[in-house]
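First the structure, which I've put down as C-alpha cells, then a few questions once you've had a look.
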Amino acid sequence: MATIDVLKSPTASPDDMSGLKLLSDHGYTAADLLAVIAKTEGNGCVNDFSRTLAAASWASVLPSDAVSVFSGGTEGVLAPHVCLVVSTSEATCPGAHAPGGALVAAVGRTGPVRHLDLGRARQATAVAEVVSELCLQLGLTSAEVHLVLVKCPLLTSDQVTECEFEGGEPVTRDTYSSMARSRAASALGVAMALGECSSAGAEAALRGELEVWSSVASVSSGAELEDCKVLVVGSSPSAEGPLRAAHTVMRDALDSDAVLALLRRVEAEGGEVVQVLAKAEADPSGSIRGRRHTMLTDSDLPSTRHARAAVGGLLAGLVGDSAIYVSGGAEHQGPPGGGPVTVLYRLGARRESDGDG
Amino acid sequence: MATIDVLKSPTASPDDMSGLKLLSDHGYTAADLLAVIAKTEGNGCVNDFSRTLAAASWASVLPSDAVSVFSGGTEGVLAPHVCLVVSTSEATCPGAHAPGGALVAAVGRTGPVRHLDLGRARQATAVAEVVSELCLQLGLTSAEVHLVLVKCPLLTSDQVTECEFEGGEPVTRDTYSSMARSRAASALGVAMALGECSSAGAEAALRGELEVWSSVASVSSGAELEDCKVLVVGSSPSAEGPLRAAHTVMRDALDSDAVLALLRRVEAEGGEVVQVLAKAEADPSGSIRGRRHTMLTDSDLPSTRHARAAVGGLLAGLVGDSAIYVSGGAEHQGPPGGGPVTVLYRLGARRESDGDG
Amino acid sequence: MATIDVLKSPTASPDDMSGLKLLSDHGYTAADLLAVIAKTEGNGCVNDFSRTLAAASWASVLPSDAVSVFSGGTEGVLAPHVCLVVSTSEATCPGAHAPGGALVAAVGRTGPVRHLDLGRARQATAVAEVVSELCLQLGLTSAEVHLVLVKCPLLTSDQVTECEFEGGEPVTRDTYSSMARSRAASALGVAMALGECSSAGAEAALRGELEVWSSVASVSSGAELEDCKVLVVGSSPSAEGPLRAAHTVMRDALDSDAVLALLRRVEAEGGEVVQVLAKAEADPSGSIRGRRHTMLTDSDLPSTRHARAAVGGLLAGLVGDSAIYVSGGAEHQGPPGGGPVTVLYRLGARRESDGDG
Amino acid sequence: MATIDVLKSPTASPDDMSGLKLLSDHGYTAADLLAVIAKTEGNGCVNDFSRTLAAASWASVLPSDAVSVFSGGTEGVLAPHVCLVVSTSEATCPGAHAPGGALVAAVGRTGPVRHLDLGRARQATAVAEVVSELCLQLGLTSAEVHLVLVKCPLLTSDQVTECEFEGGEPVTRDTYSSMARSRAASALGVAMALGECSSAGAEAALRGELEVWSSVASVSSGAELEDCKVLVVGSSPSAEGPLRAAHTVMRDALDSDAVLALLRRVEAEGGEVVQVLAKAEADPSGSIRGRRHTMLTDSDLPSTRHARAAVGGLLAGLVGDSAIYVSGGAEHQGPPGGGPVTVLYRLGARRESDGDG
C-alpha cells in the first residue's frame, strides 16, 4: 500500500536524529520510512558536508529501499529540518478521511551515473525510466503527479581529472557547474517520463537549443551519492487519507500571486499546510521583470544561495513557516527564473503531537 | 519649501549616473537634489567599495547640503538602483493634488564622529540633535514622521589601532561588529528625538540592558563617510502634492501580514507604490517563531546579507518590484528580528516617463 | 610506554577512513591510536561540518581514551589529511634508534566546559590542569615539550541564547568570536601549565590587559565537542626511537627566516620531515611589518581562512609538502600576528610504505 | 626615451592617491606616468568594485596614453599598494648606472574587444599585435622581455544576454569563467608575439587541445574596461640606469626553489628588490605534487582567491615584503598550476625617500 503520512521535525544540526522520536510518537518506526527529505545548513554547493553528515547519520536507520534527499542551504530565514515520509494505511493514518485523492508515493533509484554520462542524455533517460516505473507502480497518470523529487550526483575535481585521464570529456570541468548540469539532465528525465517533453526535446534542451521544463520536478545534486534517487508523490483516486497536495509554478522569483492562489486553494479545502517544496534559481537572463539582479555576477556567493534565500524568504513569509524545503538551481524545473511549488496539506484538524514545538 | 518628489532609476553599476537623465526628463536638475538613496551591489559590509564608488560618482553633482545614503547589498532578487529625492513645489510636481498631507523632507548631518564615540552615547545624542532640528524645521510632530534615514560611519582596522594607540578603547575591535554598534547608536538617537525612548533609556539600551526601538529609523553604516547623514521624511498637513507615505513594523522576518496590510492601505487610497524602504536583520535569538535560523552561525556569509536576501525576497514578491531599498542590520530599528517598513506612494496615475523601462 | 609513531594519510573526503589501511600496513591497529590529528576541508569556522563528519567517522574506531583534533580549513594549497599518532615501543617502531630523545606523547581531556565558562579563567585552569598532569605522566619538563595540541568547544546561537535565558552573560554573543575566546583561554591554560605565564597573568591576558603567549600551544575550536581535548608531545631523554621534534615561533606571517632555520636544524641532523604543525593568524594590528593587510576588514572571508591560506602557502612551499597542519587563530599562541611551528621528523631512511602515494 | 623608474606606494583604500605625493618627492609628476600597476583589496572577481574605484580615481591624473592595471585581491598577507612606472632619463633616475641592461617599458592597447570575441582567437591576435608593436618600438628581442602585463575585459550578465539577443554565442555564460577565458586568450596573444607559440598553437590551446604557455605574460581581467591594455617591460642593452629585472617560472604553487634561486641571482648582483610580480592559480588537476587541494571544490571561495593567498603568502615570506603584485588565474601563464614570477630590482643603495614608511 503506497499511501503516505508526512511528519516534519526541526533539526539542531545535520546529525540530529530526533526525528526518530517524532516517528515513534506517531506510532511509526524507521522501518516505515519511505523517504527522508531534509534541508541541512551547509552551502548547498559542492563542498557541503552537512549533507554528507546527515546522509551518514540516517543511512544506518533507513530501510534499504528507502531514499534520502538531503538538500543543503538554509539561507536567510530557512530552518533546518527533516521531513519524514512514511508508508501508512487507513488504520494508522489519523485525521479526516476524504473519499479518494489521498497522497501516495513510491521511491526508486537509477544505477550509478558514470562520470562521463553526468549531465547528458543517458542520465536523463535513466531518470525517466525510474519515474515511469514508479508512476506505473502507483497507478498514477501524469496529471495526478504533484512532485517528483530527485537527488543526483555531481563531479568533483578528482572525478573531472579521472574522466580526462580516461580520455573522455566531462560535460563541464567546473565542479559547481556540474551540479547544474546534473540537475538539468535529471529534470529533463522527469519531463520525459511525464510527457512534458519528448526524448528529442530533452536532447535539444541539453544542447541549449530548446527551453522545456517540468512543472513538478524538483532536483538537487550532491557529492554524497553516485546514483539518482527518485521520489514520486501523487494523488491517487483510489487512496484514502487526509493528506493532499497541490502544485503550481512560479513564473519568476517575485511570483507571489501564484503562491497566494495556491495557498487559497488549500485554505478553501480546509487544509493545513504540512510542507512546501519549491525550486528557485537566479533568472538566467540577469534580470527579473526588467530589473537587473546581481546573483550571476556576485563572485562571493553562488547564485543558488542567493535564490534560496530570496524565494525562501518569500515562501516562508507567505506560509508563516520557515521550516520549508526550498532548493536552489531550477534548470528545466519550471520556466527560466521561476520554479515549481508543491504544497502538501492535511485535511482536518492539526495533530497534537507535531514535533515542531 | 520642503515638499519633495521622488524618482527611481535602475543602475547598471555603482557609478551609473543615468539617474541624471531621469531628473532632467522630469524637469529637474541635480541642483534640486535633496538626497540620493541607493542600493549598490557590494556586500554591504566593511569592505564594500561599491558604496564608495557610488558616493564618489555622485559627490561631484550633489548640492553641498544634500546627503547621499548608499546602502550596499542587493542579495537575492534585489535590484541596484538610485532613488532621487528632489525639492519641488506645487508647480513642478504633477499628479493628483490632494489637499494636505503631502511628503516633506529635510536633510542634515552631525559633525565627524570621533572613533572613540562610535557606537556610544555621544553618537546617539549627535544624531538625536540633528533629527530634532530637522523635525522642527519641517514643522513635523513625531507622529507625522514616516522615515528617518541615517548613514553613519564604522571602524576599520586602522581606526581601531589608532584608538588603541591613543590609549582609548573602541566600542569593539571587530570591524564588522562596529557597523552594528554604529547603527545601534544612530537608531537610538532617532528614537530619542522622536520620543520613542529617553536619553537614559538609550544609554541603557547601548549597554544591552534595555530593549527599545524606533519604528521609523532606518540606519546604514559604511566606511565612506565620517559623520552621520540624516534624512527626515514626513507627511505635512500643510503640504500639497501627490506623494504620500505609510509605515509599519514587521515583528519578524516572516511578517507578511504587516506588509500586506500596509499595501492594502495604499491600494485603498488609490496609491501607487513609488518606493519601499525596509530594515531587516537576523533574529538575535537564533530562531524565528520557534524555528532555528542559521544566519548567526554561518561563517561564510554575514548575517546582514542573509537578512537582506530573505526580507528583500518577501517584500519584492509582495510589491512586485525588486528595485526596493532593503537594508541589513536593524538594531533598535523595529523589534528584535523585525524592522520598520515605509512605503512611499503616489496618488493618481503613474507618470509615463518613469525611468524603469 | 608513551613512545609514539606518527603516520600521515591523505584523505579524499572528511569521512575517508583509508588511514586505517595505512595503520595496518605498518603493523598497527586502531587500538594503538593515541590521537588523530587532521585537516578537513571545511571553512574551519562555526558551521564547519567537515569536522563533525570526520569526528563521527573516527569515533567508532578510536579507543575510548584517545583524542581527535579535527581542524577545518585547507585554504590555498593545503591538502586534507589525517595524521595518526600511535603508541609504540622499540620493537614495533622501525628506523634509526638514536639513544634517547625520542618523541613521547600523552592525551587527556577536561570535563565539559560550561557555556558560561567558555573563554574565561575556568576554562584556562581546566586546560592547565590536564596539561600539567600529562607532563607529569610523561616525566617531561617544560623545556622538553614541543607541542601541546588542544581542541576546544565554541558557542552556537542556541548556546548563547541558553546562557542568557539562564541569566548569565556569555563571553561573547558572536559565534565566530567565541572560537577565538575559547582558543585564547585554552592557550593561556597551556602557558600556565608550562610556566610561560602565571595564573594572574593569564587572567590579565583574558581581560586584554597583558600580552602573554605560549610557544608550543596549538589550539583549535569547534562545535563538535563539549570538553577540551589535549595532546602533549615532547622529547624524552629516556625514550628511544627515530622520531624527533623541534619547534620555533614565527614572529609574524612573513617570518620565513624562523622556518628556514628550523628546517636547517632538522636537515643537519639528517632528519626527514614527517609533519609540520603551525598556528597562523591575522596580525591584530591590521598590518604586518608596517604594511596594511586586509584580513580584518574583509567581510566576505573570515580572517582565519586568510591566515591559514597565506601561512599554509609559505610553510608548504618551504617544506615542499602541502599535507601539513596549519590552523587559524593564534591567540596567545606565539606573539600577536605570529605563531608556533613544530616539526616532527624522523631520523634515518624514509619508510617505504608511506601512505601518501 | 623608454627608460623607466618604478616607485611603490602603499594605499589606505582603493581611492588613496597618496602615490602622487611619492611621485613629486622623487621629482616626477603624473605626466611622467607610463603605467599604474596596483593591487586593490576587492575579491579580484567579477564584482570587484575596488578596481573600478581605483581606476576612476587615477583616470583623471593619468596621461591619455598611459595604462592602468588594477588587479583585485589582497588575500592573506598581501598589502594593497600602487606601483608607479614613470618614464625617466639618466638625468632624473638616481643610483648606480651600470652600463646597459636597464629597464625599458612601453604601453599600448587593443581596440575594444567585442563581447563575442572575448576569450577567442581574435582577442589573442589583437593582443599579439600590440605586444609585437611595443617590442619593436623598444627594440627588444623576445629574450630581453621580462614581463608583459595585460589587463583585459570580462563578460557581465548583461553582456552575455546581449550576445545571445544578437544571436551569437559567448565563449561562456558564466561571468566568473569569462575572466579565465579572457586571460587565456590574452596570454596566448603574448605567447604568439614572443614566439612562445604559433598562431595555430594558440588556437589549439583555446580549444583545450594543446598546452602552451608564456613565461612572462601576466594577465588580469576586470569589468572596468573594454579593451586590452598592455605593458611590456624588458632589459635594453642600450639603456642605462639602475633598474633591472629577472624572471622565472614557478612550476607549481609550492615551487620555492625557483623563487629562492631568482632572489639569489638578484642578491648576487647586489640588487635590492623593488617589486615582485607573479601569477598564481589552482592546479587544474585538483592536486599539487600528488596531494589533493580543495580550491576547485570550494564553492564559498573562488579558486583565484585561494591561489593568490597561498602563493602571495609564500612570495611575501620569501622576499619579506607583503606589498607585492600577485594575481590569480594563470591560464597559459606558466605551466598548469604554476606561473611566471618577475622581480624588478635596483642596483646600488636604497633611496631614502621611499614611500613605504
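Order of writing sets the labels: A, B, C and D. Residues in every chain begin at 1.
In this section, a residue touches a chain if its C-beta (ideal position, glycine included) is under 8 Å from a C-beta of that chain, and two chains touch if they have at least 3 such contacts.
Because the structure is a prediction, the values reported are computed rather than measured.
Tell me which of B-C, A-C or C-D has the interface of B-D again, with more than half the contact pairs shared?
Of the listed pairs B-C, A-C or C-D, the one copying the B-D interface is A-C.
Would you say A-D or A-B is joined by more C-beta pairs in contact?
Between A-B and A-D, the larger count of C-beta pairs in contact belongs to A-B.
What is the distance in Å between the mean C-alpha positions of chain A and chain D?
Comparing mean C-alpha positions, chain D is 46 Å from chain A.
Can you compute the centre-to-centre distance for chain A and chain C, using the mean CA position of each chain? Integer Å is fine.
From the centre of chain A to the centre of chain C is 41 Å.
Let me have the rounded angstrom distance from the C-alpha centre of chain A over to the C-alpha centre of chain B, please.
The mean C-alpha positions of chain A and chain B differ by 37 Å.
At which residue positions does chain C touch at least two other chains?
12, 41, 43, 47, 158, 287, 292, 294, 297-298, 300
For the complex, which residues does chain A have touching chain D?
Its residues touching chain D are 43, 45-48, 156-158, 160-161, 173-177, 284-287, 292, 294, 296-300, 302.
Under the touch definition given earlier, write down the residues of chain C that touch chain D in their complex.
10, 12, 41, 43, 74-81, 253-256, 259, 287-295, 297-298, 300-301, 305-307, 309-314, 316-318, 320-323, 356-357
Can you name the residues of chain A that touch chain C in the complex?
These residues of chain A touch chain C: 12-15, 41-42, 47, 49-50, 52-53, 56-57, 158, 223, 300.
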